[in-house]
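The chains carry the letters A, B, C and D, assigned in the order they are written, with residues numbered from 1 in each.
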């Protein structure tokens, strides 16, 4: 109770909560869930883009894509480390992912079908992620906020690279332009859905009070749409929503109704790649078991030898 | 001894020995070794050509190649069946192959590197095989002789198809012509080696007395060279042997010295694909173990049910 | 409403879907050649691939005539971009193990039997002739696969679990079998062939008894959706095409 | 004897061998991305692939200038036919398991360290500069791989056996490292770089202590021969190229 009061006061003052600080169990649990989901998303997110590394059409683009996917793995690592400050182990979190008990961003359950998908993921998916994540740079839990600062900086770089890839393709052949339009058609609505349910249907209201979530789903979504429409015009692609239109009165773009049936299907495990993504990660984990065991065994032997030599 | 005399008499008379007939143990063993090696060669021989099925450049050629590789599997089956008439089981023979105890034709330890290899294998490798096998159609062991008649008929068909593939490529682009020449350069000497060591270095002389081997290695090799040189001219390819020249006096083509070091290296397990070929076959066998076990288990359950129903 | 140079684009589209299904499954099955659990299955699977590729040749040739742009079977088979292939997603997913292969062949084989039966009465006489020939082959493919599904389902505990897992993974892809669109409607209206959504009952009548005999449980229908027959494929398709198209892409214009 | 438009064809050939080694190994290693045994290795292997592709870009650009036909790094990387690639066969064989990957990286990494060290003194100043940069990377790649070889060799009984088996399989491919020809001799004579047959002792000095520490047995030399650096590859190369070249072959002339 005294702790609780101090915690509440720090939250209200906008101070960071640090690992050594007392925190309510629900706060801790919420953070573990959110940070680990975020980490899982980075790790699963390596797969759809990784799918194109071996087929990248130029060495420069192959290098950029490799570096990007590597960054995502790195984000996963910082985020697992941030989660570990809350008293859970990375292996335990990761096993929950592999067992299908933990969630990750549904966007990665859509397939990457042509090279332009790599650009569109940078532009729209990373763009939407950044919108979601910038407020987290000021979230109340210190390690998470600091991880997000680094993540956001790198994501912005990825977003620019994705947009640049698309600009190059749009200046290219008609086939290249068609690929970009096709990719935009497939990724637009899933990107819009990344902001989650409408505020009216949204749960987790405590996250707002605790200073974890600072801006509502619908506000972030609107901000994303407003920013993206102009970029689409510059690119010369059509966003696949006939209802998309500037609303002078609101000072925002109106947009069409979201297909929440699709959203629920994918979140519920029935997206096109849900099974494949987890299967790929599980295969990597199981195939690597003997390697991890050997590393432990060697370290133990080495420790014994070092002791004997000392 | 009485049996032996009868056996010898039948061999001398050119009669077939049949499975129910008495035969010397050494004769039986020699046949098991030779027939099973031949069967193994067909089965391993599916791999180098199979390597190109998924990349065949036209649907017609893909169908021809599939049918050909299927025929090879079929030859493997007849030959294992012929060996089984001698009191060994197919599984036992096959396991000797997978364990590296049994041999197969060394020619299949060379890689297939371009599409023309498929034609050249038909033309040269099947061509050499036919030369070796035609005399076996009259060999003293009935089941083997009958299997060989069928095999030779199909192989001749394959040889013509291979030659036709090459003719088509030689009428094509310069790149296609280069591929054919490259394939001929790589397969010519290994094909020549398919006839085995020179007669002066050859063992297994009993096989001649027993009517298994009817023509010597060098005679068969010469026959092959003589037949092939003209076909090469029609194709417009150069056989990679500067010493190759018509010898008016002998009425045959002379040809250069064979690199017996290479021959011994490949027979001894050090060809480019020895390890890969057996590994591929072993993987198929091991991956299929649960399937074979299930088939047996189901058959047993079914037998029990049929009995109960009867 | 028959034969070449049809003015009806749905007719071409309908035939391409039929063609690409057998083309792509033929490609997948041919990957087995030399790698099956027993030599008899090397032969049986090669034979099935041969049948499918034979069907694909007839159908693509027919599609090329309907299209009227002079493309032959190979130009259609090897030189389209991924978006222009119209096969069901089920046929393009990787083979993985033998159990998964026979489950796919059983699910798809039953669909083909039902479809070819109806197509023998097509107003497109060329298609009707192809259907009559293909129906015999499809019946054999279905019964061969069904026998294996029963053997594996009713075999060992391990084989039962493996084949049930394969069924659970592949079943959702059969949703796409029965998804209809304007192409379907137009083809049905013109008597070219049945709309996909009219085939489900017959298909279940073929499949469910096999599952029962195999002691396998048919999964419930889920909202899982794929779009291969509308030209939106899975991530596997691009890799399959990279291999299948390699020679034609690398040596454009060459004759083989 | 330096810089662009060299009249010496051996110079171009020598540089292409260096370039293709890192290009093709970079391609293989990039296949690991997202599939490694621990995330740290996903990162480490991606990083190694990045280094190798970076080296390949410099070397191919240099080769393009030496060739003088206006081909850039991408035309050389993606638009040659298989016969024109000059990489060692070892770098093109499939990754298979992580143990085999680190054994390859160790065997090849040691070779690269020895080679780059010599090449820092190349009469081709561009090549010398690339060598200086690459040497640092190669040292890291070698030590990273060597540490894993030790961990696995001296880990569990299973890991020991797996990594010894990988070593037995891959070791014969190192025969090709030291096979010399006229290109080598000409390059050595011109001071461009060492002949391959002068590198074996230094390579063994790097590799054998790692094997000893890993409790692994160096296989005996056999007559096994491969010819990748002379343009005759293994059956694996065509499949690798089908994937790697797919986009460039399918959309000729496009800029990316």
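Note that a contact is a pair of C-beta atoms (placed from the backbone, for glycine too) under 8 Å apart; a residue touches a chain by one contact, two chains touch by 3 or more.
Labels paired with UniProt names: C, D = Probable phenylacetic acid degradation protein PaaC.
These numbers come from a predicted model, not from an experiment.
J.: Would you mind checking the shortest number of contact hops between subunit C and subunit D?
T.: The distance in steps between these two chains is 1.
J.: Look at the interfaces B-C and A-C and say which one is made up of more C-beta pairs in contact.
T.: Between A-C and B-C, contacts are more numerous in B-C.
J.: Which chain's mean C-alpha position is the greatest distance from subunit B's?
T.: A
J.: Centre to centre, by mean C-alpha position, how many angstrom separate subunit A and subunit D?
T.: So the centroids are 35 Å from each other.
J.: In angstrom, rounded to a whole number, how far apart do the mean CA points of subunit A and subunit B lie?
T.: 57
J.: Among the residues of subunit D, which ones contact at least 2 other chains?
T.: In subunit D, residues 81, 238, 242-243, 246 touch at least two other chains, as defined above.
J.: Residues of subunit B that touch two or more other chains: which are they?
T.: 55, 175
J.: What kind of graph do the touching chains make: line, ring, star, complete, other?
T.: Contact pattern: none of line, ring, star or complete.
J.: Using the touch rule from the top of the page, what pairs of chains touch, sorted by label?
T.: A-C, A-D, B-C, B-D, C-D
J.: Considering only the defined contacts, which subunit C positions touch subunit D in the complex?
T.: So the residues of subunit C touching subunit D come out as 81, 238-239, 241-243, 245-246, 249-250.
J.: Taking the complex as given, what residues does subunit B use to touch subunit C?
T.: 43, 46-47, 50, 53-63, 66-67, 69-70, 73-74, 76-77, 115, 165, 168-169, 171-173, 175-176, 280, 283-285, 287-299, 301-302
J.: Report the residues of subunit D in contact with subunit B in the complex, numbered from low to high.
T.: Counting only subunit D, the residues touching subunit B are 81-83, 169, 172, 222-226, 232-235, 237-238, 242.
J.: Write out the stretch or stretches of subunit D touching subunit A in their complex.
T.: 27, 30-31, 33-40, 42-43, 46-47, 49-50, 53-54, 56-57, 60, 73-74, 77-78, 97-99, 150-152, 154-156, 158-159, 162, 243-244, 246-248, 251, 253-256
J.: Could you pull out which subunit A residues touch subunit C in their complex?
T.: Contact set of subunit A toward subunit C: 48, 51, 55, 111-114, 175, 182, 186, 261, 265, 268, 270-273, 275-276.
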